[in-house]
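Next come two complexes, and both contain chain A; in the first it sits with chain B, in the second with chain C.
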Partner chain A sequence: MALLEINEVTKSFGGFNALYRVSFAVEERRIHAVIGPNGAGKTTLFNCVTGMLDNEGGTIKFEGHVLNGMKPHKRTELGIGRTFQNIRLFGSMTVLENVMLGRHCRTNAGILKSFLRPPFCELAEERATREAALELLEFMELAEKLHLRASALPYGQQRRLEIARALATKPKLLLLDEPAAGMNQNEIIDLDRHIKEVCDRGITVVLIEHHMSLVMEISDIVTVLNFGEKIAEGKPSEIRENRQVIEAYLGEEE
Partner chain B sequence: MSTSMRMLSLFIAVTVVFGAYYLIANLFFRTDAYIESILIFAAINIIVSLSFYLPFSAGLLSLAQAGFMGVGAYMSASITTLWKFHFTVGPLDLTFFIALLAGGILAAIVGVLTAFPALRIRGVYLLLMTLAISEIIRVFFLNFEYTGGASGLGGIPPLTTIWNVYVALVLVVLFFVRVTKSRMGRAFESMKEDQDAAEVMGVDLTRHKVVAFAIGAFLAGISGGLYAHYALYIDSTNFGVFRSIEILIFTLLGGYEIYAGPIYGGFYLTFLPEWLRIIQDWRIIIFGGLLIVMMILRPAGLISKEMMSLRYWRSTLANLWKPRVEA
Partner chain C sequence: MFLQQMINGLMLGSAYSLIAIGYTLIFGVLSLLHFAHGEVFMMGAFFGLYLVLLFKVNVYVALFGSMVITAILGILVERVAVRPISKEFHLAPLLSTVGVTIILQDAATKIFGGEQVGFPETIKIVNYPIGNVTVTSVQMLILATSLFLMLVLHLFVNRTRLGTAMRAAAESGRTASLLGVNINGVVILTFGVASALAGAAGVLVGLAFNAISPFMGVEMALKSFAIMLLGGLGNITGAMVGGLILGIVEVLSVAYLASSYRDAFAFGVMVMILIFRPSGLFGAKLHGD
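Presenting the complex of A and B:
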């Protein structure tokens, strides 16, 4: 059984089909790229998987659970994490707090418990949350920025922080929406390494990306969307040769 | 840091030190009935401002706090005045404690009932809905003969003292100090920043909104009980729209990024009209004017989040007299 099964998913906005009968499966422990021109429906697909939008037709299954109609936070609990193309960090919170927030659904201290704790004594759960967050920040190479406001970080680091925050939710499936957008060449090389390390941790990655060198280098399988429809799927080498994909998206040279 | 920012910080530091001195002097070394009454009203105003701040810190703008305050006031006054309830354990008289708690709990229940329709709406619609709920509560008490209806409820025993009101305030502030830096505090802040992103990160919006409304209403209910047993007479006009707006202004002027804002705003905006007697009758107009000036000069209110660190004050005060500090 595939980890994520997308079956005939359709989503329209006022009669315009952003997604039309899209089907594909994401196998466990893969890096699965989703590519296609702007407006192809890639982000809409992520929104349907995470529950920010409800798909009109078709079903989405995660580990066999049907996701249709399930609230976003429940899907996060099941193990779906994501980043946002238009960075959506909690800007007034610190870098550390952003990542600690990601742990919310894996912890359960309520308001009274936090209020009534003994003086000068941190809750064990809170300490564990901080340590897990620090580990992830170390991993994403943001440990020096701990106490800065998230909004004060440069762009590339904000993208890395998005990944750290998503990892804090302990996902089995991580959806990355254009993580390299706005990054320079060195940052992209680091990102490449980070994504592979995430995969080594046993996390399945779905990657939306426009940087073809990155996509071709790290992905196991590529799905191509165009005008809301899937037009091709295969190994990177096959996709590179695919006529339809070249015409719709990749262009002739390369 | 700009010069005006340093001057503002200095102003805040001086007023805080002066306010703390004034409070301690009047608590321990002097007893002036008039000043004591202002200090008591200041504490009640701070508690109700914090009751507004709690749901606000989760991104929920509620103008129903005056209504919740009324629920707490009428409930606790019913217990002590209409039902003449007494409860003592040995030498301890817990009557007032239980009356306050009952007022807070009933207000919290009304708060939860308010939260459910509020779950689906946002922004200005939420503001209008909570305003409507506040008015419904006021009109209910206006017509509810059992608690005095239009003629109000008098003869309430004077159970609020400067001591119990400040103990309550210290507990409420401690609550905010602890909860702000906790799992739930982070969840509230993330909801205020971007509620959809928070939900995708695993925050159950429904549950957290209900909790924020309930605790906010509980605190408003407590402040209402304290108010009733100090004013000794309440009627529905005490808990109308203007009260709600006043509460909103305390927070907007004091600062809404951090709980210290409503504390500062609630304290000084209770004193300001007393110090400047002429503005008493013009209170709402002066506050409104201040609000407009603030919105232009310092939109997030006087106290900002960065001011909550010792480092901020050390560097500000150390650099106070340097003509210009480069970043």
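Presenting the complex of A and C:
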């Protein structure tokens, strides 16, 4: 059974089909890229999977659970994490707090515990949360930035912080929406390594990306969308040769 | 004399702060002006009063009991009058809370009567002279309770798991929900905490002025709304400081100028501050740090 099964998913905005009967499956422990020209429906697809939008037709299954109609936070609890095309960090919080928030659904100190604890003492759970967050920041090479406001980080580091925060939710499936957007070549090389390391941790990665060199280098499988429909799927080498894909991209770089 | 007035002002202001903080919390998380918040404060005063009258409890039990009951009342208001209403129409939830204002006022008039009433002499008023300043035991209670509650709230919002979720929801509800935060849960928590603070303020103001009536919430709601603007929308620290400023300005204008112009001076100062700092004292950023 595939980890994520997308079956005949359709979503339209005022008569315009952003997604039309899109089907594909994401196998466990793969790096699966979703590519396509601007407006192909890639982000809409992510929004349907995470519950920011409800798909009109078709079903989305995660580990056999049907996701249709489920609240976003429940999907996060099941193990779906994501980052955003336009960075959505909590700018007024510190780097550490952003990551600790990601652990919210894996912890359960309730209102009584929060109010009744002795002031200035940490609950055991809070210590565990902090340590897990520190480990992730170490992993994403942000450990020395802990107490900075998230909004004070340079752009590339904000992108890495988003990944750390998404990892804090302990996802089985991580959706990365254009993680390399706006990065320079060195940052992309680091990102490449980070994504592979995430996959080595046993996390399945679905990646929307425009940097073809990155996509071709790290993906196990590539799905191509154009005008809301799937036009091709295969290994990077096959996609590179595919006529339909080349036509869809004609006029763009690559 | 001046010091005495400052203490009186601080006491009044700290009660304002408690209500304004509740307003601010709800505005932060829901972007909703909760008009009925003043009425929750009024109900809190009555709950405290009737706990004392009917069960002969001491003032501390009354204070705590009233906070619990107002928290439940606040959560009920959210469930009945806010959550079912679509947020797409910004005026609809607002109007709905105006409706709650009227319902609560009418209910209070019906149940408790429209007369002004006061607390019985439950805590004996003791005067503590400190130098040439006199502080009464009621004033001490009010100041200590408000400051204690504000400290607890500050720690809660900044140091705990649920507090962090609350700040995240205030900054972006959608992003927070994608990180596994149950937004409905946060909204309920916010209404509960905000209403409990208003309930505490109700009991404290009731003790201080001995003037509990179904209409005491109207002026309070207006003032705490203004305090929220003064402090900076959605800023908790701003609401605390703004409340204290308003309290002190009011008391000083009564002492040194004319008592009938009390509110005019208070709001005048507020307008002046907003002319020079349109986003409020603590700026446009959403949260106190």
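What we mean here is this: the second predicted complex is superposed on the first by the 247 of 254 C-alpha atoms of A that agree within 3 Å, B and C clash if a C-alpha of one lies under 4 Å from a C-alpha of the other, contacts with A are read in each partner's own complex, and residues count from 1 in each chain.
Operating definition for what follows: a residue touches a chain if its C-beta (ideal position, glycine included) is under 8 Å from a C-beta of that chain, and two chains touch if they have at least 3 such contacts.
Keep in mind the model is a prediction, meaning the values are calculated, not measured.
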item: Chain C versus chain B on the shared chain A, clash or fit after superposition; value: clash
item: First, second, both or neither for A:104, with chain B first and chain C second; value: both
item: First, second, both or neither for A:231, with chain B first and chain C second; value: neither
item: Partner chain(s) touched by A:52 [first = chain B, second = chain C, both, neither]; value: both
item: Contact residues of chain A, present in both the chain B and the chain C interface; value: 50-52, 71-73, 76-77, 82, 84, 88, 90-93, 97, 100-102, 104-107, 109-111, 114-115, 117, 125-126, 129, 165-166, 169
item: Interface residues, chain A side, partner chain C - complex; value: 50-52, 71-73, 76-77, 82, 84, 88, 90-93, 97, 100-102, 104-107, 109-111, 114-115, 117, 119, 125-126, 129, 165-166, 168-169
item: Residues of chain B touching chain A in the complex; value: 174-175, 178-179, 182-187, 189-190, 193-194, 196-205, 211, 215, 257, 305
item: Residues of chain A defined as touching chain B within the complex; value: 50-52, 71-73, 76-77, 82, 84, 88-93, 97, 100-111, 114-115, 117, 123, 125-126, 129, 165-166, 169
item: Chain C - residues contacting chain A, complex; value: 152, 155-156, 160-165, 167-168, 171-172, 174-183, 189, 192, 285-287, 289
